[in-house]
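Structures given as structure tokens follow.
Each of the two complexes below includes chain A, the first together with chain B, the second together with chain C.
Entry: the complex of A and B
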């Protein structure tokens, strides 16, 4: 029983990471219809920026976080120009291929710039442990679910109660009608990409103390984030949050009880099953796609 | 007829390359291009002609290669058994992937094929007892070829493999061309252009899509077996989602749905990054930039652009 709780806690830490990455992806997909393969590179570059600032320049964590935010905004702006502005009115594969090209560019730049050897962020928080009953987590890992809940709540409130949020939701529902009602489509696109890059960059920064950072970490994380996006229903933020936590927990339990080798596969198997049986996702509602 | 003649000359020229150039660099580069020609031509059947997006060509490539590797380890069979076996097994896997494709379209289909691709890759990495994991598997060279007991020649080393793969490529490209022009191929095109209309006039859309998936996978399987026997060792990292994306990119940049476009795309994306010389360190970087530029500036691909230019010229004349 105690072990089960520990597995659940580990699953929630990993799941929170998936949520942060997947919510950005689902926003970009739901609002703009862009499938962004380079999303994992936002995560990777967020992690590297934080690492370099803390380790090489000795900056405090909050300053490094500010650096990560700046880099993420730049990446989001660039990606929007490339994948959305330039490729408007194209079919599904165009954005996939272009974002794949962008991912190759960013990954290889990181390889040339930072080298292939893995790095890990060590801070003074790494050694502080927190015990909650039978569950033990280092303070740094505990920060991840906390940050996730805070960020996703803010995002939810913004989407729900501000005009910017309303225009984002309007775009997701029907781009043409939203435009006729006076939504500034280009501005919405830029904001969506920036928010998406920010969330992924922060996730990478937070996880750089848990897992090793190397130039190709983005590959697996983006694929997993896609599974979360599908499970949660494309474009559904709350669904992605639930599905991300679920994936983290399922992975943790699979690796504990069924074998570590199955850990990474389980999500993809679930995705194929879900798409066959419930194409709108676990938490999605059916509606007509035009 | 003129077109056929020029193609025959092209093939003869390609066959003569090992005699004309020094060293192995150009021959091995051409060999790699030929393998990609088989892969993209296969993908073009399902995407270009039947309209179903697939990002799983790399997985089928891997399934073909591992069929050769696992059969030679467990059953001690040779290349001539592996080639048909690899094509049949990948064909069956193609059928398996084709079933969800019947219900899904666009982004959703693309993502299911991506999930399939990832499952296959992870399976190759994790199922160590069956696939050898990250260490991979050794594969024997094709070796002696004999007919009715008489020894003809030995296929070993770069040159012989090059000619073998060139022969296979020509045969498979001709098969693909015949397929597309057959009744089945026309059904694919009909389903691509308007599925509802195709069903309304009595075509079996289910059959069309499934056969397209099977054919496309079988091509990749053949490429996998050929490459496995040439390389002598197979490892999962040669069959990732990035290979699939590269194949899709080659097809799109060349021009999907045209027959020779994807072959041009292969040439462009393999040769240009090789021309960097001292800048070879930045090869992959350059490849990515090329990809983005090609998609942004030439959405219809090289073949589509040529077709368009020709059409405007005729309209003016």
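Entry: the complex of A and C
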């Protein structure tokens, strides 16, 4: 039983990481209809920004975090300008391919800028661990679910109670009608991209002290994020949060009880099953269009 | 005289004056040899260390006047441990750069695909760190086009597994291996040897290269209380595993493989690397005199001791250039013959005292590996 709790805890840590990356993606995908394969690079660059600021410039953690937020805003603006503003009138495949191109450019820039060697952020908190009964987690890992809950709660409150949040939800339902109701669609699109980049960047920053950072870490995480987005229903923030945690836990239990080699497979198998049997996702709603 | 016009005469004279200069220019232009390694992507840690050794060998040769009166230049390609990129790179090196030999590469799967092309285009390849038995096994016996001057992964796995049984007296062994042919073969080997000696394999788990999270699987292995955990794979993953093992409280003897003998591994794994054991064919403190001399020259140039990856890069280039010198011209097929039969007397710094580039008919040189243990952040050879 103790072990099961430990596995669940590990799963929640990984799942929280997936949630942070996937929620941004579901907003962009679900609301703007933009497939952004460069989303993993927001994560990767958030990790590198934090690493460089802490290791090379010796900044304290909170200053590095501020740096990460600034970089994320710039990335979000740039990605929106490229993928949404310039390409939304065209065929959907244009923005998909453009996002691939953006991902390749960003990955190779990171390769040129930071080199291929894996890096890890070591801070004075690296060796501190937290024991909660039979479960042991290093402090830096425990921060991830905590940050996830905090950020997703803030996001939820924004979506529910602010005008921007309501605009986002209106756009998710129908962009043209939303515009007729006075929603400034372009501004909302920019904000959505920035929010998705912020969430992914912060996730990368948090993970840079847990896992090694190198230029291609965005690849796998964006695939997992898409999996979570599909499982949770496109555009469904709460669904993405639930699905992300679920995926993290399922992967952890698979690794523990079925074999580590199956760990990556299980998420993709579940997604295939869901797409075949319940394409709106586990928590999505089907829309009837008249 | 009238059939040969003045214009013709002038042309002939001009050519006559130019000819010696042209011939001389051809003779003294640098010889380009090919170098294909993973300089980015998976295996970039290893590729860059091997590359340092290769560059050092070329620099030494050039400082001593070059080969056949010409300097050596490297035509470098980054294969990113990707098979398709490797095949393209080999083609480019041979067809565009006209290299007579190629040093490369690290990933055995890439070697197997590339050596087909190299053999077809008649250019021999010298290992860039590839250890997998699959590479030399793909050679036609008696006519190898891929050369490796240390034992293959079978030998390495065997030596390591024997160390697990005899040196560490393990009865319960847990294996973590990557899903490549290299890792899977090592796992199979270790299983055979351990079970053959009456030991028990308590876990045999795989992971994908680049996987980040091992905490769950390591927690599970912790409950099985193994005497030894054997990791079959590359340095970056090995370092992640060792580091995370320490943080989940898995304390036992770790034994590694392949490039976990590098300083990068120690840096990435941090203090968790203490007491880590790994098979190696070279350390600066090696009992091999030629190897120690190389170590001293390397340290003088770079300020730190070379590791096995630097040494193998160095000797790959050194053996190739020496074969080129003995043949007398940049002819790939002739160099391959020289490598296969004519290098028995060329001493190399890897392996025990007296090791030479005496390739067997599969293109390999077999000798037992040493075991190195990390003490206080440095590898110590265990005799």
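As a working rule, the second predicted complex is superposed on the first by the 287 of 290 C-alpha atoms of A that agree within 3 Å, B and C clash if a C-alpha of one lies under 4 Å from a C-alpha of the other, contacts with A are read in each partner's own complex, and residues count from 1 in each chain.
Everything below uses one rule, namely that a residue touches a chain if its C-beta (ideal position, glycine included) is under 8 Å from a C-beta of that chain, and two chains touch if they have at least 3 such contacts.
A quick note: this is a predicted structure, and the numbers were derived from the prediction, not measured.
For chain A, the partner with contacts to more residues, out of chain B and chain C, is B. By the touch criterion defined above, A:252 lies against chain C but remains apart from chain B after alignment on the C-alpha atoms of chain A. Looking at the shared chain after the overlay, A:264 reaches both chain B and chain C. Applying the stated contact rule after C-alpha superposition, one finds that A:56 touches neither chain B nor chain C. Touch criterion met: A:7 reaches chain C, while chain B stays clear of it. Once the two complexes are overlaid on the shared chain, A:90 sits against chain B while remaining clear of chain C. On chain A, the surface patch touched by chain B in one complex and by chain C in the other comprises residues 261, 264.
By the touch criterion given at the top, residues 29, 33, 35, 37, 82, 86-87, 90-94, 96-98, 100-105, 107-109, 112, 219, 223, 226-227, 230, 234, 261-262, 264-265, 268-269, 271-272, 275-276, 279 of chain A touch chain B in their complex. Of all residues in chain A, those touching chain C in their complex are 3, 6-7, 10-11, 14, 111, 116-118, 120, 122, 129, 136, 138, 211-212, 214-217, 220, 252, 255-256, 259-261, 263-264. Within the complex formed with chain A, the residues of chain B that make contact are 53, 55, 100, 103-104, 106-108, 110-112, 114-116, 118-119, 122-123, 126-128, 240-242, 245, 248-249, 252, 281-282, 284-285, 287-292, 295-296, 299. Those residues of chain C whose C-beta lies close enough to touch chain A in the complex are 39-41, 44-45, 48, 176, 179, 205-208, 210-217, 219-220, 223, 236, 239-240, 247-249, 264, 268, 270.
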